[in-house]
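Here come two complexes built around chain A, the first alongside chain B, the second alongside chain C.
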Partner chain A sequence: MELQIDHISKSYKDKRAVDDVSMTLTPGVWGLLGANGAGKTTLMRMIAGIMEPDAGQIRYDGLPIGTLKGRYREIFGYLPQEFGFYPEFTVKDYLEYAAALKGLPVGNTKRRIMELLEMLSLSDVYRKKIVRLSGGMKRRVGIAQALLNEPELLIMDEPTSGLDPGERVRFRNLLSEFARDRIVLISTHIVSDVEYIATRNAVMKDGRLIAEGTTEELVRLVDGKVWQCVIPAERLPEYERRLRIVNMRNESDGRVSVRYLAEGADALPAKSAAVADAEPAGAPPVRLPDEGNPLCGTSIPAAPRLEDLYLWLFPQDTAQDTAHDAAGEPVKMRINVYSAPGPKKGGRNA
Partner chain B sequence: MRVFYLELKRIVKTRITWILLLSSLAMTLLMAWLPTTFVEVDGLKGLEAVRRLKELQEDTAGEVTPEKLKAALSAYQQCLKEYGAETANDLPDDVRTRHILPLTGVLHGVNEVYADPDTGIGPGLPNIDPAGLDDYYGDCRARLMSLMRMEQKDHPAARAEAVRLYEKVGTPYHFYPGFNTDALDYQILLGFVLTLFAAVIAAPVFSSDYQTGADDIQRCMRHGRMALGAAKTGAVLLICGAQFSVCMVLFILITDSLFGWETVKTSVQMLYSATMLADMTVLEIQWFTAGAGLLSLLATVSLTAFLSARIRTTAAALAAALFSCVLPVFVYFAAPASVGLWLRALIPSSGAAGVQASMLYTMLDYDFLNAASFAVWLPTAMVTAAAAELPLFAAAGVWSYIRHTL
Partner chain C sequence: MMSGGKVSGGKVSSRKAVSRKVSSRDFEKCLCMAMNGGEAELTKRPGGEKRGMAEQVKPFGNRQQETRLNGGQRQVEKSMERLPGETVCLRRTAALTRQEAEERFGRYAGCSGITRGTGLRSSFREFLLLQIRFIGLRMWAAQTVLFTVLGSVLWVLMGRGFWQEERYMARFLCGLSLAAAVSSLPFIYRSFRYRMHETEASSRYSFAGVLLAKMLMTAMGDAVLLGAVFLGTVLWTGLPVGSTFLYLMLPFLLASWLSLSLMGRIPAAAFPAACMAAGAVLLAAAGIAGRLWDGFYLQTLTPGWLAVCALITLLCIRQAKRSVRDAVYPKLQIA
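The block that comes next holds the complex of A and B.
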């Protein structure tokens, strides 16, 4: 079982939304990462067959999905970013309607709906109108419809948006279990969702696929680029301008623990290994005597996570995105995976 | 079938649908009753007036033979003579009620039949010689031909077609007093309102799915394309068709029960033009108007579903659908005659829209579509076009839905 995406491109009037993307999806959970406008939704819509690519072909088990038609849709499940439903429908009405459209036998429909309602904690709202449900519940109804026909190929665009942390954990577990012998592709901004369950990830940027691999493989791309240090709280604004800070935490003594991204050579000087080893595990790094130097501080390398890769590839549009060198000039960073362009801005020069 | 049933259930459960269905029913009851309130006879109003009119005119009920017409016209003229009046309006009210009103029903059309062939102006009942009514129905034919010479001067095919149609009209005519043509006006008005309601019900059938994004999910499902498209179109046709049929049947049953089932045996020529081309009684024209209206409504719903499949937002689809419903009215008043007739024949809603532009009033007229030596009476063209457009637009709508991409 495999889904081959073969040199797919799609352009809108003024934008190339998907640019020559090729990949082969095999059973397991695939995470599709990318900033807004990276082309994830367009790619998913083409896989769903609701949008025609300008070029390229999508094949399921070697056959173009356009020729499979109903047979492809029979094994397909889809949850778009915007879950559209009829306002007059109750959860029951909607799932029965979806089951009929999916061609579920009448005898199996009720059993399958009940299973999913139980699985997604929706049993209590079975007869409620969808329009009256909370955002998280609506999302779960959307997930339920996608799973109704136990699809071999499941595509979900931002499935966890609107779910609370508990719901997200339950959903991740459900998906992991479901993905055995099935292809599941999910896009999300909540990187931790795919970090935990994705067997492989694909990263899109500006319509192009710039990286693909397991979480461990992708994380290696930012090895040596994630740092931690502690700085005086009053100097935080200055560091925010200079560093690509991905996380900060106030310490009890008026200092701030900062996690940031930088090329190894650009990082604030690291303390000696001896000092680092002396620190208890998980403790914030101590400052060294050279604190008087505004460029130094103290930094230790941190274990990279998928979120760090995401933020490395997709710098957020904030003050710290654009680091500056000593002369005040912006510094650009590049990452080349699949020969793709790297971040447009960011990085620093110590 | 399961998808069709669920789609049917879905549309019926939509708030706007059941509000409009209930409103249709209420409108039907109201509009069936209202025409009785317009009847005024001998100081009486409503149903009492209808009963009084029937009593007054009961002697003239039945076949309208030349002998009966001659006797009625003689009596009419005798009354004027006795009272030294030039017209019936000069008579005292009670005299007019007792002596003239009993004759007016059966004499309907006599003045028209003996109109000047060149000007079309009637001579007035006091000036027509009763002895000249011996060949009344031959004179009707002659009147039609002179009328057609005026109306279709350059189209001999149309004139021949009119004569051919009139040849089929059964004579003598029949007259049974008590019916009021307001009831037929209200029937076509009801048909127009129901068509507007149907357009409102049908407009969101595809476009709302595009707008809400429900379409994205549905078209990824096994039966989410052809089957769903056909189910949606079929369901909306069934709902609107059923709504129209129920309301029209109810309207006719109530109207005819109120006015009396005998009055509707009257030939339409005894209520409208004496040379009208339709060979029908009032009851038959009621059913024909309802049937043609249903066909027109279904073609309009079909067109609306097609527009809905092409347009991405519900508001735009609704605006387009409502515009298509009122288009025949604009065409009737604003388009040049030759183009206007073709447009009226082709616009699906023509058979159910407006009053003057409606099927009933088109049947009262002598409009033909002329092409070389070929002529088709406009009502025939309208019904034929609607019958062809109904499946055409339905199929085009489903096709558009299947092919729809954002």
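The block that comes next holds the complex of A and C.
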């Protein structure tokens, strides 16, 4: 069982939403990561068969999905990014309607709906109108819809948006179990959702696939680029301008522990007098990053996570200067066979 | 298409044996290409015997389905056995037949084990019946209320004499049929308004099937409502049967044709308003025509008018087919 995406492209007027993307999805959970506008939703719509690629082909077990037509859609579950429902629908109506759309016979439908409602903790709201449900419950109804026909291929666009942490954990477990011998593709901004359960991840940027691999393989790409240090709270704004801080935590002694991304330097320059004067008495030495070395003095390497890779590839508005190599040139990452553009010099929000 | 041969359901029919031979080999080669993602070589057994298609096809699961597939294979092999074993590679023919091979393959996959889950699927008829429950009843109820309110208001305002006056009745029927047309088609837009179109488009029947079901429901509802109005008019008013038919059908068909033509050509959000506008334009045109031409509301069903109705019906069917076949509506809107 495999889904081959073969050099597909899609353009909207002057924008190339998906640009020559090729990958082969095999059973397991696949995480599709990318910033807004990276082309994830367009790619998913093409996989779902509701949008035709301008070029390239999508094959399921070697057969073009355009040829399989209804047969492909029968084995297919899809949760769109925007969960829609008719306002008069109760949860029951919605799932029965979805079952009818999927061509499921009425007899089997009821049993399957009850199973899913139980699984997704929706039994209590079975007869409630969807419009009156909370965001998380609505999302769960959407997930139930996608799972109704026990699909071989499950595509979910932002499935965990609106779910609380407990629901997300349950959803992840459900998906892991479900994906044992099926292909599950999840697009999400919430990196931790795919970090733990994804068999493989694909990262998209500007319509192109820039990286693909297991979580461990991808995380290895930011090895030596994730650091943490403790700084005085009053100097935080200064550090924020200079470092790509991905996390900060207030410590009890009035200082701040920061986690940041930077190209690692083998040797730290000597502490300057000015910086030494600024350090509180008895505190570990702290040094501001300089052009040649972005690390602050007490930095120690931190264990990288998938989120760090995501933030490395998709710099947020956190640092004035982005990562540079020793010569001051913008960092370019090379990931597998793809060429991944690194953070741009001086770009605040690439 | 293949040179001189036609492939149909595993059988090869041709005028010339040579062409048939070439076609069947190329055809099987194309099946392999479809299977192997471009690798066109046929697998041969050590003894030179060709390996059957079913042996190369991995994804197919259950016994019954394999049997059906093997049936197709036997048909292909049977046609091969009748032919000498020479191999002719015609790349051009292979390219031409590849598309057909893929379609054939799709059919084999259709009876293969790629579908898990229940395996059983409901028919389009069952799907349509369910659509009536979910969407049709609401639409028809809205239309019934609209018709009843219109009739009641006119009854109160105009009195009993209104219903016996031919001109008034013709105008009334004209307006009623336009209201029927423009009030039903926007129900199709509900998918977009409530963002159900992506879920519907990715379903078994695709958006084209769902659209067809909705159109059929719309047509059924309108037929029942207009039929009831027709009967009521014929039984209780002084308007002749021919006139009743004409003033009910012609505006309805025109409004439907305009609305169907708009579908997929304008943004989804503007569709209901555009349908209403089309209805209003037609109503205004009918009003102006009534003022300019005394006999406009005194027409009856002549062969000429019947031909006009038939022509517009054909245009409606053409537009509906375009909408379903090209799935123009979702294509333009989802982007």
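Remarks
Criterion: the second predicted complex is superposed on the first by the 291 of 350 C-alpha atoms of A that agree within 3 Å, B and C clash if a C-alpha of one lies under 4 Å from a C-alpha of the other, contacts with A are read in each partner's own complex, and residues count from 1 in each chain.
Basically, a contact is a pair of C-beta atoms (placed from the backbone, for glycine too) under 8 Å apart; a residue touches a chain by one contact, two chains touch by 3 or more.
Bear in mind that the values here come from a model prediction, so they are computed numbers and not experimental data.
Following the overlay on chain A, a clash is recorded for the pair chain B and chain C. Touch criterion met: A:Y12 reaches chain C, while chain B stays clear of it.
Shared-chain residue A:E88: touches chain B and chain C both. Of the two partner chains placed by the overlay, chain B and chain C both lie in contact with A:G49. With both structures placed on the common chain, the touch criterion links A:E150 to chain C but leaves chain B unconnected. In the superposed model, A:M1 makes contact with chain C only, not with chain B. A count of residues in chain A touched by chain B and by chain C gives the higher number to C. By the touch criterion defined above, A:G70 reaches both chain B and chain C. By the document's definition of touching, of the two partners only chain C reaches A:N108; chain B does not. Of the two partner chains, chain C is the only one that A:R59 touches; chain B does not reach it. Within chain A, the residues touched by chain B in the first complex and by chain C in the second are 45, 48-52, 70, 73-74, 76, 78, 80, 82-86, 88-89, 93, 96-98, 100-103, 106, 145, 149. Residues 45, 48-52, 70, 73-74, 76-80, 82-86, 88-89, 93, 96-98, 100-103, 106, 142, 145-146, 149 of chain A are the ones that touch chain B when the two sit in their complex. Taken in their complex, chain C has these residues touching chain A: 34-37, 58-59, 102-103, 105-106, 109-110, 114-118, 120-122, 126-127, 130-131, 134-135, 138, 190-191, 194-207, 210, 330-331, 334-335. Those residues of chain B that touch chain A in the shared complex are 2-3, 6, 9-10, 13-15, 208-209, 212-225, 227-228, 405-406. The residues of chain A lying in touch with chain C in their complex are 1, 4, 6, 12, 45, 48-52, 59-64, 67-71, 73-76, 78, 80, 82-89, 93, 96-98, 100-106, 108, 112, 145, 149-152.
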